[in-house]
Structures are given as C-alpha cells and as structure tokens.
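For reference, the structure discussed in these notes is given below.
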C-alpha cells in the first residue's frame, strides 16, 4: 500500500482537493468564506506537493525499479500540482 | 536488488534451466488444456475462446449500431426527409448511442484484455476463467435480447443518457425505458466481473520478474481501465436501480414535485458517463503505445510518462463529470472546478500523443496497415481533443453544448481514440490468433476509406452545430444552410461504412481462428510476450522477464520458452494452474489451481438474463424463479472451487517450491473480494451522496430524521456483527463449525440492526413514496438489506461446505471471504444509520 | 411584414448564428469561439508538423523530437501555458456573463412545455403583466433577464445569436441574460432532447426599437369580444378547454395562450409561417405537421367553419 | 420549344384576360417561375394542408395532395384548371369555391402567379 501511496501521491492529493472543493461548492455555496477556504486549501495542498516532492527526491533509490517509482511519483506530483493550482482558480475568478 | 515478498531474486539466475524436458510434459499440458469439441464450445472458459467470443460479439454490436447510424444519416441527408418517422428515429438514435457505448466500446476493449492479457503476461489464463465466461454470456444473451427490442418497436427512446423526467413513468409509460435499464443491468454485471478479473490478473499473474516498470503498456492501461470501472460503474448501477424503482414503485428520487431532483440523475449518470469515455479510450491508447513501438521498431519513448499519463487520466477523469451540465444552471464557481479539471485531463492526453510522435521520430516507421491506423488515430484524436478543450471553456460550451458541434467532437474523440486503435489492433494482433494475417493491401484501403469517410462525415458537423443545429433532432427545417453540411456528412458516413465492409471482406477471406498453435506468429517482429509461440495452455514455460521487450533483448527466448526451460514447464499438479506473483515486483508466491470448463457459468448467465427480462415484462413469478436458479448456478460453479490439492508445495521449476493453497490477504480470492467490496462501497457512497444532494437541493421537502439516540442499539448490533465475523474466522482453528455459528449469529445481528433502523424511520412517519428524503433513506436501507441477504447466503454456503467437510483448517478461503463480506456489511449498516440521521438533523 | 416569412427568408448558412452575435451576451463568446477555432487549428497544424517531422523529417530534426524532453515540452509545458491563459479567460468570462443580482433588466418568465413555450412578461415587482407563447418581444439595447422553468421534462432555451443555452429543469428556475443590439428576428430551438417532436420545438425572439416596443406593448389588449361565428365555434368545439383568449370565456391552461396568436410570426412553436392557410391546416390536423404534439386533429369542421375559425384566430392581433 | 410555350401562354392569357378582367395577368411559366413558385409555396407553408411533392415535411392531410396537379382538369373539382383561375384560387379560394375549407391567403400577385405555374408543372411521375 505504501508503495502505491507514494507512486500516486500527487494524484491522490489532487483527488482529495477536488472533491473537497466540489463539496464546498455543492453543499456550502460560493460565498466569500468558501472562496477563502478554497484558496487556503489550495495553498496547503500545493505546499504538501512541494514537501513530498522534496522528500521523494531525497529517498535513496535501492535499485532501478525503486528509482523508476520515485521518478513516477515526482512527475505525478508535478502534474498534480498544476491541476491543483488550476482547480483553485475558479474561487478567485468565477 | 531488493525483494518484496522475501523471494530471493538471485534464484532467477537458475533460468534458463539446462536439463532437457521430456515431451510427455507437453502432451500432458495439451491434454489438460484440450480444445473444446461440439457442445463444449459453450462450456469453454479458457481466455482464448471467451476472449474471441467476446470480441466477436462486441464487433457484431459495432456493425448493428453502425447500421443504425447509417439510417440516421439517410434521414438527415436533406431537410424534412421522411425515411424514419420521428418515433422510430428517437429509438434509433437512443439505440445507436447506447449500443455503441455499452455493448460495443466497453466490451470490445474488455474482450481485447481477456484475449491478450494472459499471453502478454505469460500467464496460463486469467485468474477467474469461469467468471469471464459468465460475464461474457450474460453480456451476449442480455445484449442480444436488448437489441431485439428495436425490431418490435419497444426500443428505448429517451436518449442514451436517459434523463428523467422524460424517462419517468409519467412521460415514458411504455416498457421501452425498462428495456434500457435491463440492457444496462447486464453490461454493469459483466463489466464489473471483467474488471475484477483484469485487476487481479494484471497485478497477480504476471510472469516472474515482470516488475511494474517492465509491464507492457497495454497491461497498465487495462489496470487503470479496470480500476476506473470499479469506481465509475457503481454510480450508474445505483442510478439505474433508482430509476427502475421510481418507475416500478413510485419512489420519487428524480421527481421535483415530491422532493426528488432530476439533476441527481445527471450527477450520477455523468459521474459514470464521463470516466466511461476514458474507460474506452485508455485501453485503446495502450494498444496504440504497443503498436507504435513495434511499427517504429524501437522501444517506446517516455514509457514512464505514459504510465503516469494513464494514471493521471484515471484520476482526473473523475473530476470532469459536470462539464456535461454547464447549461443546467450550476453556479459559476462550480462550473469553474469542472472546467479546470477538464483542461487538466488534456495534459496526460498531450503527453501520450507526444510520446507516440517521439517514438515514431526515434524509429524507422513501417507504413503497414496497423501503422497507418495508428497515425490516423493520432490525427483524429488530436482534433477531437482540441475541440474538447474548446467545450471545456464554459462560455463556449453554452453555445456548443447539445449541438452538432458536440456530435462532431465526441465522434472525433471516440473514433480517433478507440475505433481506429481497435482496427490497428485487429491488423496487428490477429496474426497471434489466426493462421493467416489479414491482408496488408486491403488494410490500406480499409484505412483510406475509413479515414476519409470519418473526416467527411464529422468535420462538417462542427459547422452545422455552430449553425444552430441541436443534437437528437429527427429532422431540420430548410433555409438555415444546414442542407449541404448534412448531405456531405451522409456521404462521409457511407464511405466510412464502405471501409468497414471491406474490412469484413478481409476478415472473411483471411481470418482462420487458431487459438494457441499454428498461428501466423510474430509477423510484425514485436518484442512483447504475447508473440511467444503459444498453445491453448499459453506458453510452454513461463519466462523470467528482465526487460520491457524481452523478445528483442533476448532473441533466443522464444526457443527456450518452447523448450520448457523456464517456470512451470509442466503441470505441477495435473490440473490447470498458473503462477501467482507479487503485485510490485512479480515475485512468484504460489501456484493457483484454475477451474476448467463448466456448464454452470452459461447457465447462470441465461438465468440472469431470464431474471432481468422477466422483470422488464413484469412476469414477476418467472423472474423470481430465474433469479433463484441463477444464484443456484453460481453457487454450484463455486462449489468446485476452493479445494486443496494433495501436494501442499510443488516445484515450479529449477527447484523453486511454492505452496498450492494460500489464504488470507495474499490470496487472489481475497483480492477479488476486496475489489467487490469497493464496488459495493461505491454504490453505497453514491447512495449517501444522493441523500445529501436531495437535502441540499430540495430543503423544503426535508423532515427532521429520527433521533441519534435510536441509533445506539443499531450501532451495537452492527459492531457485534463485525466482531462475530472477525472472531469467527479466528475460531476456525478450533473447528469448522465455530465460524459457521459465528457467521449465522453475525447475520442475525445485521438483520436485527436493519430491522431496528427501518422501524425507526417508519415510526417517524417516513415513507419511501412520500418524499425524496424517504425514497433515498429507504433505498439505502434496501441496499443494506441486499448486503445482509447476500451475507446470509454466504453464511449458508459456508455451513453447507462445513457439513461436507470442505472447510479445511487452519485457514480456508471461503471462510475468509465470508468474514470480509460480513464485516463490510456491518460497517455499511453502521455508517448508513449515522449518516441518514445526520443529513438535515 | 417581411419578417413574417422568416423561415425561408433567413436562407443564409454563413455566418453561422454562433459566429454572428446579435448582442452583448453573445459577442464575447463569438470572440472566444474564433480564438478557440483559430488556436485549435494552429495547434493541430503544430501536431501535424511534428508528426510529419517524426515520419519524414531530417535526422537532426527527428533527433530533437525523439526524447522525453520533447514530450515534456509539447505534451506538458506548452499546453500548461496555453491552457492557463484560456482558463483565466474562460473563468472571468463565465462570471461576467452570469446574471448578477440587482440588474436593471426587463424580466420574462419562459416555461418549457412539451413541445412549446409559455412566455410570461413580468413587471418590475415580478408580477405577471402579459402572457404569450412561442415568441418573445424585446426592446433593443436593454438587457432581458429570462427566468427559465419547465412544466414537464427538461428543455433547453437557445437563441444562438443572443446568448448561449440554458436548461429548463423541473423544480428549478434558471436565469439567462439576453440583449439584442439591433431590431430583427432571432430564431432559436429547444436544445435538450425532450422526446417526440423535439426537433420541431422552435422559438422566435423579435427585437424592436424602444419606440416600436412600446407600441407593440400598448397594442397587447384583450380581445374585444367581437368574435362572431369564429369565437362561437371556438367555444363550442372545446378549444377553450386548453386555450385562453383573454376577454372571452376561453380560459384553458393546457395549451398556448391565443389572445394575440394572430400577430405571431409563427405557428406550431417556430415551425410554420403564420397565415390563414397554415392556421386552418394546423387546426384541422396538427398531427400531420408536428407528430405527437398534444393537440388532437379536428377533422369535424366543415370548410366554412374551418375558415371562420382560422379567420377569427388570425384576427387576434 | 420553350419559346413556343411562352407564346401560347401569352396568347391564352390575353384571351382569358378579356373574359376575367379582375384576374391577375399571367406571365411566363418558365422554369424560373416554377422554381419561384415552389419556394413561395414552401415559404407560405402550403404543406400544412397539402402534401407537396419533393417536400417531406409538413405533409398536411387536410387538403388534397398536390402531386400531379398539372394533370388535373379541375380545381377543387369545380373550376377549369387554367393558370389564371389557379392563381386566383390559391390566393382567394373562397371567392371562387364558396364551400372550400381553404382560406384566402394574403400573398403578392407574383407569388400567386408563380405558385400557379409551379402547380401546373406538377405531373404524375
């Protein structure tokens, strides 16, 4: 499980972020407080992505497969972070 | 090298073995995996047969739905034509969409997985062959009955998306809509069964040494595909259940006049419906990645990026469902979330496209038929992807939505993303199952006609959409400039059809089914394992995999595999078997005994069909009997499984010994049950969402739920049920009767909790027919009821096995799985009791 | 008068209505559409060029394309930059086109029915001021806030030259802003599949200059009671069970309000020109024209009766 | 050939015109007029009552189908089917056939003439 959690970390964070955002929009509304919460959550998720990326970089690759998994996780965090950033924009612009 | 399971990778160095293998081993394998004769073709479960049946049936539905498309194009060739009367047209377009999406696209890629995966992973078969057989027969029988409804004018006519209230009893009183719900019922069952099969197959039956980074891309794609089915299909399962219940019993889930909400259907449908597009696209993209590498004669550039793209698509596609609902009046911020996710999901698609281009740039491409189809598919898919980005922009979508622009967009995506790759796959992989390859010369013509026809048919539709032509119209008025683009589209559609017809000619002339032996072989000079020489038992011996393209890196591999110099060169137990390996590094763990041919899967499928059909025509007595027989047939087929064999450990080659019977969380059965429970959990979660959604959107219909106080005994009973289930499994050490007793008590506790829960809601004045809230709550209780009933059935099954002495100690898979199910049911009951009381409290 | 024959007179296929905006709620979308269409074509050209290079390019170019760096640049960085810009544009445009509370707009409630439209003009307090069907008259240069509802199944309101579409969903009121810059006739059609003759559920918006609009508005008075034999037939034949003609005893609610049916541009919800001939044909056998619509065929009228009825209804201006 | 037809039509028109001074003066029944007539019939929605050849919708069932109209001897079974009377009839049927269900339909002179020309060009296939 841990191996999968690391490999998929960026995407898992995106998923958590997205569904919380949808929940806020659907069940709470798009008032100022909601938007503030979304902005804050987006910041937190981006920070987590950055921290995880740094941690993944520092993990010692034990063999080729281990290194491959770390690369996958790292790139996944990159895509996840971009998607999370976009996900947060509607709270500011729409 | 590090290890995942404690297996020492150094042992791989023992292969290839030196000693020659006796020929009798091969004969024995051939005998164990013998080909069916006569009626046996119906009871065959081997993936070579089921996969081909599956693919053939799916392709038949492609042709049928394609004919429907041609009828529509004739009707729309000019304004105000009267080829199809309006009522017929509405059935035809509904069936075209439904059949293409549910009966062709998903089954076709699933079939390709069933057919190709075991060979690609060098497994003997998929881990649950009888489940595959059942999934196929349920789909074939149900799908054909469903399609037949159009010949008697009873085909559904509410559109493939079946929006209520148009599809509610009030506006669709006939049984047409019920036929849709029936047809989809089958495909749900068969897709879920296939997904379980594929996840366990890909993660647990890979050839030793095939770590995740050496897995063929197609296997990765199928893994993500199957995982997406597990997450997405529950939503449509729930939606179809709710709609059928509303139609049959008047529970107002979608009736705005009684506290339901038509938008709930749209959320549930599209939470499935959009991932569905990627469910269709990803396996096809996997095929393209495989074919591109072979066609370019070089290894795939950006393998890990493609893997990441597949995974990212799998995730992000669950955040785009409401882009089908931009015009429903969602607040701008909410549409913004979905707009952003719709853009994000195009990034992985872009990565794959550029990876394919990079691969072609590195290699020396051959312009064979598969190569042409792959190149054509890239062009068409990119066009569709670009219009996809356009409609992801909310203001543009307000104009384009539900117009012919979308018809153009979705056909570019699906034909470029799935149909062309599938034809590439036909030309590419048919030599591995047929004595003769298809004709490359005809294949180029097929490609030319299909490519030209596709573009001529669908490019003008962008224009007709911008000209204001809405979708799903049986005709259009003259004087809007629509006549010319529509006529061109019709001509293109017939060109496309001519291409498909030519393909059929090619198929008839050259396709000679030869499962296993005597195939045309590796005519494309490909590098992956499905091109090893195979028989019905798949490969003679299961190779150790050291790279992504083993056949390129080790030209002698095929000969050594055939000489039996790797794993499992013989049947170790005299039965059908395959090696189960670990999920990350594919280290051998144990030998799985596979079940052989059986009439029970097809019997179960026919009775399942009878059950649904009888419900549709409201023959409830017959339906009940059919349902009962279906359950009996399933239990009968399971009865032969979960048996130990005499040899507890066997040599699977080079002196490496593994057990033949494993229980607990490492076993394939445990994995399958966990996936099934995820499916059930998703259905339940979508049910909880439905309740919360109705509360949030129809607050005026909400009544205060019963007090939390009342939930205390329910919680205690559910906790007791969980404890009994888990404890019962431990008690197996003391004797086979103990767990059975514990399971029966556990089921009783679950039933008691459900009884209390239902009683409290009824006492508080709630009724399922009265309001959306009542309907949603009682639907959740009904789901729990279904879980308890299934739990009781499983407990009874364990009791029967215990009586027959089949529950072996100290651990037994049937007991394990029943424990898992009962514990899950307890958690579901507990969560449901709390959640329903919390919403609107 | 010439716009009475709108069905044939608008024979233009180009520019398509979506690219031919008639007001400020369609214009920015047209700009966006052009940007997307041209941008899309450019990106497609880039991909085709890349593919062409990969297949037929020189060794040097192929080497540049053949690596993970090219994938990152073409598949990640390039779309990331372009799409960020598009997303910002799209989000701000979405918000600027969405109805904000407190706009000084004329209010009209439009209710989708199988397979026609109720039109209720509302006054400033939201009270119903005037009823009509299948046609909306608006003054140019003034925003009109449409309150979209449904009486049965889901429909979608779409006048491509004035705004994007908005669904009409039972149990909800969706809001849509439209505004026309120039007088004229703007056609639309139901865009959400609603069963039966969904293809024949059209709609017409007529934009007048401010002065003409006031004149049109002032002319909306109940029928003067001078119905004669036509009205008698109308009442005697059961038409009044479904249709209202204000100023008479006819007060049915199931079908369109006919108080001003004679002045409408079209019959049958945007599908037929409105003249005595089509009126007679619609009354006698609307099922032949719009199969499945809710009005039965009335074959029982004699020729004279049918003409009298048609003439009476045509006179309701 | 076409020229001759025009001549005959013109002569006929003059003669008929003498008998019915109030009628619309007919003009040439050339292909252009026929095409204009077909378009006018569509624009006016004649299909609401009459099934029209080469127009699949609407196919009204209230009045007779117009297929082969040029072969018919009579208009509405009572009037000789000639261009002048036909043009008058399509514009104001009740004036010529009082019991008809077909109302007077406002249209321009040219439209009436063109429609008549088109109708007379319709022959059974």
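Each chain gets a letter, A, B, C and D, in the order it is written, and its residues are counted from 1.
Going forward, a residue touches a chain if its C-beta (ideal position, glycine included) is under 8 Å from a C-beta of that chain, and two chains touch if they have at least 3 such contacts.
Molecules present, by chain and UniProt name: B = Cytochrome c oxidase subunit I+III; C = Cytochrome aa3 subunit 2; D = Cytochrome c.
Predicted model only: the values in this text are computed from it and were never measured.
Student: Averaging over Cα atoms per chain, report the distance between subunit A and subunit B in Å.
Tutor: Here subunit A and subunit B have centroids separated by 28 Å.
Student: Quick one: report the Å distance separating subunit C (Cytochrome aa3 subunit 2) from subunit D (Cytochrome c), using the average Cα coordinate of each chain.
Tutor: Those two chain centres are 35 Å apart.
Student: Just how far, in Å, is the C-alpha centre of subunit D (Cytochrome c) from the one of subunit A?
Tutor: Comparing mean C-alpha positions, subunit D (Cytochrome c) is 74 Å from subunit A.
Student: Just give me the whole-number Å value for how far the CA centre of subunit B lies from that of subunit C (Cytochrome aa3 subunit 2).
Tutor: The computed centroid separation for subunit B versus subunit C (Cytochrome aa3 subunit 2) comes out at 40 Å.
Student: At which residue positions does subunit D (Cytochrome c) touch at least two other chains?
Tutor: 42, 57-59
Student: If I count partner chains per residue in subunit A, which residues reach a count of at least 2?
Tutor: Where subunit A meets two or more other chains at a single residue, that happens at 79, 82, 86, 89-90, 93-94.
Student: Using the touch rule from the top of the page, what residues of subunit B touch 2 or more other chains?
Tutor: Expected reply: 305, 332, 335-336, 339-340, 343, 347, 475, 478.
Student: Report the topology of the inter-chain touch graph, choosing from line, ring, star, complete and other.
Tutor: Contact pattern: none of line, ring, star or complete.
Student: For each chain, which other chains does it touch, given as pairs?
Tutor: A-B, A-C, B-C, B-D, C-D
Student: If you look only at subunit B, which of its residues touch subunit C (Cytochrome aa3 subunit 2) in the complex?
Tutor: The touching residues are 85-87, 90, 157-159, 163, 165-166, 171-172, 256-257, 261-263, 301-302, 305, 327-329, 332, 335-336, 339-340, 343, 346-347, 350-355, 357-362, 365, 375, 378-379, 382-383, 386-387, 389-390, 392-403, 463, 465-468, 470-482, 484-485, 698.
Student: In their shared complex, at which residues does subunit C (Cytochrome aa3 subunit 2) touch subunit A?
Tutor: Contact set of subunit C (Cytochrome aa3 subunit 2) toward subunit A: 76, 80, 83-84, 87-88, 91-92, 94-95.
Student: Which residues of subunit B touch subunit A in the complex?
Tutor: My answer: residues 1-2, 211-213, 304-305, 307-308, 311-312, 314-316, 318-319, 331-337, 339-341, 343-344, 347-348, 584-585, 692-693, 696.
Student: Residues of subunit C (Cytochrome aa3 subunit 2) touching subunit B in their complex?
Tutor: 7-14, 16-19, 26, 28-29, 32-33, 36-37, 40, 43-44, 47-48, 50-51, 53-55, 57, 62-63, 65-68, 70-72, 74-76, 78-80, 83, 86-87, 89-91, 93-95, 97-98, 114, 152-154, 156, 158, 160, 163-167, 169-172, 174-175, 187-200, 202, 271, 291-292
Student: In their complex, what parts of subunit D (Cytochrome c) are in touch with subunit B?
Tutor: Checking each residue of subunit D (Cytochrome c) against subunit B gives 42, 55-59.
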